[in-house]
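Following this message is one structure expressed as structure tokens.
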Amino acid sequence: MADARSVAYVRTQAAPVLPPPALSDGALGWLRANLFSGPFSAIFTVLAVAFIAWVAPGLIRYLFIDAVWTANDGASCRSPEVGACWAYIGQKLPFFMYGSYPREWVWRVNMTLVVGAALIVWLLAPKAPAKQIGAFLFFVVYPLLGFILLSGWEKIGLPKIDTDVWGGVFVSLLVSAVGIVVSLPGGVLLAMGRRSTLPVVRIASVIFIEFVRGVPLITVLFMANFMLPLFLPENWTPDRLLRPLVGVSLFASAYMAEVVRGGLQAMPKGQFEGAMALGLGYGRLMRLVVLPQALTKVIPGIVNTFIGLFKDTTLVAVVGIYDFLRAVDTARLDPVWAGPNISTTGYIFAALFYFIFCFGMSRYSQYMERSLAKDRLR
Amino acid sequence: MSGRAVDLPPVAKISPFYDPRVRGFVYQGLLVLALGILIYGAASNAIANMQARNIPTNFDFWNKTSGFDINFTLIPYSAQSTFGDAFWVGLLNTLLVAAIGVFFATILGFIVGVARLSPNWIVARMATIYVESLRNVPLLLQLLFWYNAILKPLPGVRDSIVIPGLSGKPFAFLNNRGLVLPQPVFGAEFDLVLAAFGLACLLAAGFWFYARKIQRETGRRLPSGWAGLALVIGLPAIAYFAAGSPLTLDYPVLRGFNFSGGARVLPELVALLLGLILYTATFIAEIVRAGIQSVARGQSEAALALGLSGGQVLRLVVIPQAMRVITPPLTNQFLNLTKNSTLAVFIGYPDLVQVFAGSVLNITGAAVQIIAVTMAVYLVISLLTSLAMSFYMRLTATVER
Amino acid sequence: MKRISIAIAAGAILAFGATAASAGTLDQVKQRGSLACGSNSGLTGFGIPDDKGQWTGLDVDFCRAVAAAVLNDPTKVKFIPLTAKDRFTALQSGEVDVLARNGTWTLSREADLGLLFAAVNYYDGQGFMVRKKLNVNSALELNGASICVQQGTTTELNLADYFRSNNMKYEGVVFANVDDVIKAYDTSRCDAFTTDVSQLYGERIKLVNPDEHVVLPEVISKEPLGPAVRQGDDQWFDIVKWTHFAMINAEELGVTKANVDDKLKSDDPSIRRLLGVEGDFGKGMGLTKDWAYHIIKAVGNYGEAFERNVGEGSKLKIKRGLNNLWSKGGIQYAAPVR
């Protein structure tokens, strides 16, 4: 028997591993599969690249290279060759943040914001402990604390600061915070009302929800601004900032109600029946069994409502409230800075701010959606 | 089960206090009472306050002369018209924006939604960037930006950018007052062209039905699309020349500060439309994407296996099925666009809120009536759209076999 | 259940809270310790807060003068910025005690809205501002122009009337907010910007290059601007009216912020009566006898307030014109203190 190894046509060593054909793997392969898979695809790719090549250099020049980073007034921003005037943003930052809130008391605003942010992280972080306490602090204690800090209480040495000097990012956050603090409980009540078996309760809830959802926010703000003082007794004049807060809260409650209703509807009937079989009344059934599960399910929806609410806070400018966008939009009239690039710079800055905020939240909501979907699989 | 055989004890009489029905009545009674007090209190306060402040409580203002002008009207209007006329001007302007906006936002939304699922990496990425960046920035900011961005680079009236026509004569002018176009003037014979157009539409529809019947019976496809297009374009064209070109154009002429003659597209309208379309399209794109993804993969695989091309798969198999998922949220977006058109007040486009809840409210002071009417208009639009949508959903509901 | 109880509580408050008594405005102000002054939300020269919330302007100084007369302290004023839309409701509802917000005195505002204009602290009229490079010298050359205007003011109506009566065409570009009006004018959306002449000067300095713009000579309306109060409180009406008269009288008599303490020793009986050295003219209005002294000490006489806020000493550089004293060619005239 001849050893197989001695036969000439039997290989004695493995053939070297050859790379795959250049066009199906590696950078070229990727290009071919993802950018040039067909004539149309190739045309689109070329168009897209051309578009980027056309826009990007100018944008980068405007935002960075030609931008004015330091200046004490608008003189150096006025020349037609320069780009964004970031120096102006730096100078006006306190105004954009706090409006005309007295500078020596700005720490009160900061403290309110920090406490609020901490509580929100507590509530939204997936594995944080004792969320009931957090919720109690956020929905009951925090509004009181915020009110005392921001508005002032002479007895503890905080002078009163009228709402007409409030402005900027702080007011935008305030409006959306009040909106969410009121609309969550309000939305839960309305959603429960809409699913109630009592016809009067159901009809009242449906009318309210559909009415508010059917009209634009601006008209709700007009109503709150002009009609609220008329509906109240004479000599009662609600604060100018309070009126849009009422309007925004009503508006957000109606939208929140629909989100919560989605969660209630998704609850399996067995949960209700099981709880009833245990002898729980309606109140405890909702509080202990249904709502905790339903609300967890709709966290992404709640966050999305909040994103919408936050973007909608820009509309309060229509009733004369100096929110962040209004502050940016009016600061450009300052004769020290006025110039052709100022408004564009302001808008870009505002857009960045809103984008970071809203995009971050929408990422969080997508993350929650995924982790909730995982829970459901288990 | 043997339970049936057991004699049930007689139902114990429940004390009315624990009877759910009695409780239900009590709760509802209390709610009615509370709402009644609330509404009565608000109404009586409102009446007292309005009398004390001399605020009009009726609609007498409706037929009074308005005294102010509006720079963009679809119906004849001047300062001698009434406040009621101003209402209609505002309403029509709102509907105009809504109609144009819905049309283009839908088209753009579908394109971007499909593009996000495109196998082409760069196209999908660009669509994603567009969607994520614009939907996360407030619409108002975008409107202000577009208004600013449109006005700034455009020249003044006297240095207008001239868009030449076919004959070499200036056709349109672009400046910071807007786009000035020649105004079409319809001759009396133009009715003939309209009649031809109607006839062509009927014929095209008839042919389409006939082609469908043939296809069902024999499998043969007739070019109903091209034939219909030829009819709809060709027939009116023939009628137009037969009637001796009854359409003339009134060309704008620069006179003093502005162009006289012609029709003008306001920069405010363009900025508003641009903002609304680009913003709403991002939401429509997401809806379209979710809708397409909701169609089972097997559907498109089967269609590809049948030899349909990529475009045909999308057009004939995927989108018709996705439409059922897409339609309800899509209608919602149409309503959102309509409601968002109220942001016109910030850039000075004379929509319903700007004209009616703005100028008219300020001049007459009839805040309650005017805001109520404005809200009612949007409610009616919402209700009508919802009705139309539920009608459409019933029409396209899956027929279970 | 919770909602029901809240609703009942709210309903009860609404139904029974409506009977709050209204005391006289003077008592309310004294009790509150501060004057609620309805002000413009931002008009240079008349009422505008700076970045730090400090208010300045002619109307602002007027409110300070009232506070000085009533509370002996010009700083005890709460300025409530009001839009053109809700200024009158704010006064009617009692949210503000006096409305010093460059409002025009008209018949319908007094007769229909239940207001009283106490004085005219600025005689104004509606005018036009255009770019110099347009080479327009008169409003009558504005045929066909685009004109930026604020919504819902008498300005919008005057504009329509003026062009109609002169048989001219125009395009009105209307915004709710005056800042938006200026922005549109600044981006060349309009050929002209129309509002009260004083405001034109005030807004001009906000433009990128104020020197490129010129205010046309035509004044197409009469706009007597002044502080307004609610009807039905004559004592308060008197206080507001005489605050203005005291400032005019002080200018006539040469009493200024700087020399008011020296003038206390003056022999001129008019000055002695004004400053409360002789007689007690404040008593009838419920004020102290040195009420006018406090006013002048706080804000100076009318001329000083004018120069400081809108006149040559300010950024606006408006000439006195009609607002000069009657003895100097203007029409500012005050009844005597006696």
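All chains are identified by letter, namely A, B and C, in their written order; residue positions are counted from 1 within each chain.
Going forward, contacts are C-beta pairs under 8 Å (C-beta built on N, C-alpha and C of every residue); 3 or more make two chains touch, one makes a residue touch a chain.
These numbers come from a predicted model, not from an experiment.
Chemist: With chain centres set to the mean of the C-alpha atoms, which chain is at the far end from chain B?
Modeler: C
Chemist: Between A-C and B-C, which chain pair is linked by more C-beta pairs in contact?
Modeler: More contacting C-beta pairs are found at B-C.
Chemist: Averaging over Cα atoms per chain, report the distance between chain A and chain B in Å.
Modeler: 26
Chemist: Could you grab the centroid distance between chain A and chain C? Build each centroid from C-alpha atoms only and quote it in angstrom.
Modeler: Result: the chain centres lie 41 Å from each other.
Chemist: Whole-Å distance, chain B centre to chain C centre, using C-alpha means?
Modeler: Distance between chain centres, rounded to whole Å: 44 Å.
Chemist: Give me the residues of chain B that touch two or more other chains.
Modeler: 27, 31, 35, 41-42, 45, 48-49, 52, 55, 148, 152, 345-346, 361 - these are the residues of chain B that touch more than one other chain.
Chemist: What parts of chain A, by residue number, touch at least two of the other chains?
Modeler: Residues 226, 229, 231-234, 318, 329, 340, 343 of chain A touch two or more partner chains.
Chemist: Name the residues of chain C that each touch 2 or more other chains.
Modeler: As it turns out, chain C has residues touching two or more other chains at 1, 14, 18, 85, 89, 93, 176.
Chemist: Flag every residue of chain C that touches chain A in the complex, lowest number first.
Modeler: Where chain C meets chain A, its residues are 1-3, 14, 17-20, 22, 41-42, 49-53, 78-83, 85-86, 89-90, 93-95, 176, 179, 182-183, 205-208, 210.
Chemist: Once bound in the complex, which stretches of chain B touch chain C?
Modeler: It is residues 27, 30-31, 33-35, 37-38, 40-42, 44-45, 48-49, 52-55, 67-71, 79, 148, 151-152, 156, 176-177, 255-258, 260, 267-268, 345-348, 350, 354, 358-359, 361-363, 365 of chain B that touch chain C.
Chemist: Applying the document's contact rule, which stretches of chain A touch chain B when the two form their complex?
Modeler: For chain A paired with chain B, touching residues are 33-35, 37, 41, 44-45, 48-49, 51-52, 197-201, 204, 211, 213-219, 222-223, 226-227, 229-234, 307, 311-312, 314-315, 317-318, 325, 329, 340, 343-344, 347, 350-351, 354-355, 358-359, 362.
Chemist: For the complex, give me every residue of chain C touching chain B.
Modeler: That would be residues 1, 4, 7-8, 10-12, 14-15, 18, 84-85, 88-89, 92-93, 112-114, 142-146, 151-153, 156-157, 159-161, 164, 170-177, 180, 184, 187-189, 191 of chain C.
Chemist: Name, in rising order, each residue of chain B that touches chain A in their complex.
Modeler: For chain B paired with chain A, touching residues are 24, 27-28, 31-32, 35, 41-42, 45-46, 48-50, 52, 55, 118-123, 126, 132-133, 135-141, 144-145, 148-149, 152, 335, 339-340, 342-343, 345-346, 353, 357, 361, 367-368, 371, 374-375, 378-379, 382-383.
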